[in-house]
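Take a look at the structures below.
Each of the two complexes below includes chain A, the first together with chain B, the second together with chain C.
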Partner chain A sequence: MQKTQNIFVRRAIFAAAATFLGTVFALPLVWFVFAPFNARAELGLAIPSPFTLSNFATVFQNTFAMQALLNSLIQAAGGVVLVGGAATLAAYALSRSPIPGKGAVTYILLLFSSVVSGSAAMVPIFLIISAAGLIDTHLAVILVFAGGLLPTAMFILRDFIDAIPRSYEESAMVAGASPLQAFFDVALPVIRPGIVVVVVWAFVNIWGSFLIPFILLRSDKLMPASVAIYSFYSEAGTPIVTLLAAYSLIYSLPVIALYLFVNWKFGFRFFGGIKS
Partner chain B sequence: MKKFSLLSTRAGALFLAPATALVGVFVIVPFFWVIFVSFTNRTLLGRTAVDPDFVGLQNYFALFNPATFFTRGQFGFSLILTIQFVLLSALIGQALLGLLLAWLSQTVTPTLKSFLQTAVIAAWILPEVVIGFAWFAFLDYDNGTLNMILRGLGLPPGDWLLQQPFWVIVFFNTWRGAAFSMMLFNSAFQSIPPSYFQAADVAGATSWQKLRDIALPLIRGHVVTDLILITMWTFNVFTPFLLTHGGPSYRTEILSIYTYRIAFKDFEFGKGAAVGVVIMLINLAFALVYLRLAHKKPVEAE
Partner chain C sequence: MASVEFQNISKTFGAFVAVPDISFQIADGEFICLLGPSGCGKTTSLRMIAGLETPSSGRVMIGGRDVTYLHPKDRGISMVFQDYALYPHMNIADNIAYPLKVRGEAETKRHARAKDVADVLKIGDLLKRLPSQISGGQQQRTSLARALVYPSEVYLFDEPLSNLDAKLRLEARGFLNHLQRDMGMTAVYVTHDQAEAMALATRIAVMDKGRIVQFAPPIEIYRRPATTFVANFVGNPPMNLVPVEASVGDGALHLRADGLQVAPIELTDAVAKAARSGKMTLGVRPEHLRIAGATDHNILSGELFANENMGPESLVTLERGDNGRVTARIFTDDEIKVGTSVHLAFDARHVTLFDDTGARIPAADER
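Up next, the complex of A and B:
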């Protein structure tokens, strides 16, 4: 009897701790649930009365803000296409072709990509982009992200491809398929879940990034939403809270949608272990 | 039996070409270029922008000049601040909190578990500028949610971004990144056979004993992985910039923000590159340890 009571008390303590921590984590974001729908929103927490979509209407009429979302989309989509395409090809070659030193290549790429981080590489990346005459272009942002994200993408995809039995493609080739056909018609459909994982991961990374476009872009018409959001400040430097809140919510939606999609489709395992 | 290859060496090289070119130009070339630039007095504007002089180790001497090393706004101050930031927010904050969150998730009801995980993961997946703004509102002196709660509890409110900027970015980074450790430990705990815990239950072990004596020894490899990865990420993180811009008066100027200021505010590319080289050397040490451990799979499976 004593023991069951103890277990009950312990369960209650655990539940209380979990509730407390969950609340602490949620607190800084609670404001975001209400402010976008409040026409008189300020930095304080307040339940809107009435709930309104007028902030969103104002944001939608702001052509600069809408252009920025489009720019984010262009940069993220461009980067994703490059990362997805180049990583799939490279990972397949690393897994299936007899190129000497494959292991070393993967190792060196991973090493470099973790050593050359955004903060360490700011200066040379800026210089390379300047030398190439690409400062203030979408292409600059796309290429820099593609290079930076590729090693990890290749690593994730190679694990996926290694897990597929070679006999799939071998039997296709015995039946007369060329290596290219074996790749496109047999291997590619099987690898697709892996490609989805990499594409979502790359998209979320580019969509949310601030530093790279911040240093590589200058003109307003190219700024992605992450940088353009700072235009919702008045001349005096105080934020226009209503618009910022509404815009932040719109800007966050693709990320939330992708998270829900991945969670539903893969149970979010892959984020847990880059290597496991 | 001769294993016939699915892709000839030549086709393989062709498949590798686009990725190699991109990584080569935007990762490997910058690595060597930043080393080269760090030995010059290159600036963003003016004569030395087009025709920089070779200055040898002068930039490094400037960074490690003992007279100014510990002065606020100088390299040494920033380096020490960054080490404190990593220790407190990654190793203590994220890793311990992540462990606690994962352990709690194993024991509470499914509804509570999904509430907890949603809150923690939301902090992690939302774009950094949105998070930065959310915290700006959260910490606002007059109306912010934090001070509202403090006043409600009868405690004195504070202008945290001005009074305790360093602790703000420590708590901010802990809050922002705990999700990764939590998820890593979640999957680590799930890899432990449930029968181990059931046996401990029968023997009347407490939750703390189960964590200490069963779970932790079994997930040692995951713990090491987690510590190295979050250390590297926290060491390089730029997000606190969105909250404090490194201020007030350099009190939150961690190395990434310091590099940005030297290179893009003061336009001293040579010196900024030298800081970049130091950061890369520290990254290299961590990455080598990590890759060494990651390659020794059997150790982890023991």
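Up next, the complex of A and C:
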């Protein structure tokens, strides 16, 4: 009896603590869902009455902010294609070919990318891009992101490919496929779940990044949404909460949509065909 | 179909020598088993035939053609992998038809051919499924079908049955045997299961530490194992090996060991030469041992260690004075009554002698 009571008390405490933690994290999200539909939204949580789309109507009239969403999409898509394609080929080579010292190469790349890229490297990056004459272009942003994300993407993918038995490609080659055919027919579909993970990760990284486009771009018509969000601040520097909330919701939708799409289409899963 | 030849092949991985130096010839239509414990170089040898490994030195010939540095796709081979390596994103039909696809066959044609092969292997009704949706035995047959769907010079098998449960393995083994009789294919089959090798091979290459210890037909391997290693590897249970002290007297060989009683053995030149070291190994197969009667002269005795009734036979194991064990396979329909001390008899003609290096001493009737 004493024992069951003990368990009950412990469970009650655990449930209470979990509820508290959950609430702390859920409240901002609840605000984030309600505030865009509230014409008088403040930083406090309030259920909109009446529900209105007037905030969105105002945001849609801001052509700079709308163009920025498109710019974000261009930069993210460009970066993702570059990172996804290059990381897949590089990781496959690093995993499968007998290059001496390939382990060291991977680790050094990873180390450099995490130490060198980011805000510490902003000045050299700016100088390089400037010297290349790419300042104020989408390409500059895409290249810098690709360079920064590629080592980590390669590292993730190489681990993923290492875990896939070579006998997939070997059986294809014995059956008459060239190395290229074996890669595209057999290896690529099998490592696709890993590529999807890298693509989603890269997309989210670029989509949410502020500093790099802010430094490398000059003209308004190229700025991404993460920068354009500041157009919803008043001249005095205070945020216009209603518009900011509406724009933030629109800004986060592509990421949510991407997750849902990937989960529906690929399901973040792996299917077997190897008997172990 | 074609012959296969290894000419002084060696293979090293860094400092590790997988295969020091082997040469052998496989004639057209032979079914060869490479048999040995794990790490003996049998899979490495097979992969060198397939072109998945390149020899460090030596030449590989298929059908008289030097293929040592040829890509696997250009060797005219088929291979069944231990893990089956079915492509998880393709259905069974596409898996089987893949070799035809890379050969540029039209889709309708290659699917018709895949269907034919699948029907023979009794997986014709699974063609639309994915590999993850069929059983292990069906996956195994799919990988076999993929190897059979196109004509090949040589068929390679890398422990294809080792992932099946015991019953399915017997069934698949019987089917492979039938297939070999039907097609007369040239095949190289890697296994560590001596029963598989005995059942399937026209010749067995027993390998140990990267070398071929004996390369002979199964019955030869069974009757005249070249070394104690082969004797200990082949047979179920394997041959009993009793270390003995050998001495020559009265023109005959006398053997002594704990619990061993054996009539003097005829002294041939080979026996006399081997007896000089004073040490030999006496080998008797479990199926050649019986419960001793009053008239028997060749007897192994000791304490009963285990008595396992398997249905048609019993495995009776005794432990001799020096802790060496001897197992007898005794066929009987009745349960055997054995006391705590057991006496097992054998005939002189069933004795195999090995010298102090472990090599078999030729018997008196082979010269």
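As a convention for this text, the second predicted complex is superposed on the first by the 250 of 276 C-alpha atoms of A that agree within 3 Å, B and C clash if a C-alpha of one lies under 4 Å from a C-alpha of the other, contacts with A are read in each partner's own complex, and residues count from 1 in each chain.
By our rule, a contact is a pair of C-beta atoms (placed from the backbone, for glycine too) under 8 Å apart; a residue touches a chain by one contact, two chains touch by 3 or more.
Computed from a predicted structure; not experimentally measured.
By the touch criterion stated above, A:D185 is placed in contact with chain C alone, chain B being left untouched. By the document's definition of touching, of the two partners only chain C reaches A:S167; chain B does not. Contacts of A:A175 after superposition: chain C is touched, whereas chain B is not reached. Of the two partner chains placed by superposition, A:S54 touches none, neither chain B nor chain C. Residue contacts after overlaying the shared chain place A:L150 against chain B, while chain C stays out of touching range. Legend: residue contacts after superposition of the two complexes on their common chain; A:L211 is shown touching chain B, with no touch to chain C. In the superposed model, more residues of chain A are touched by B than by the other of chain B and chain C.
Within chain A, the residues touched by chain B in the first complex and by chain C in the second are 170, 173, 179, 271-276. Those residues of chain A that touch chain C in the shared complex are 165, 167-168, 170-179, 181, 185-186, 189-190, 192, 271-276.
Only residues 3, 10-11, 14-15, 17-19, 21-23, 25-32, 35, 42-45, 82, 85-87, 89-90, 92-94, 96-99, 105, 107, 109-128, 143-144, 146-148, 150-151, 154, 166, 169-170, 173, 179-180, 182-183, 204, 207-211, 215, 226-227, 229-230, 239, 241, 244, 248, 251-252, 255-256, 259, 268-269, 271-276 of chain A touch chain B when the two sit together in their complex. Contact residues of chain C toward chain A in the complex are 50-52, 71-73, 77-79, 81-89, 98-99, 101-103, 130-132, 136, 139-140, 143, 146, 150, 156, 163.
For chain B in complex with chain A, the residues that touch the partner chain are 4-9, 11-16, 18-20, 22-23, 25-31, 33-34, 37, 97, 100-101, 104-105, 107-109, 112-113, 115-116, 119-123, 125-131, 133-138, 140, 142-146, 148-149, 175, 178, 180, 183-184, 186-187, 204, 206-207, 222, 225, 229, 232, 236, 238-239, 242, 255-256, 259-260, 263-264, 269, 272-273, 276-277, 279-280, 283-284, 286-288, 290-291, 294.
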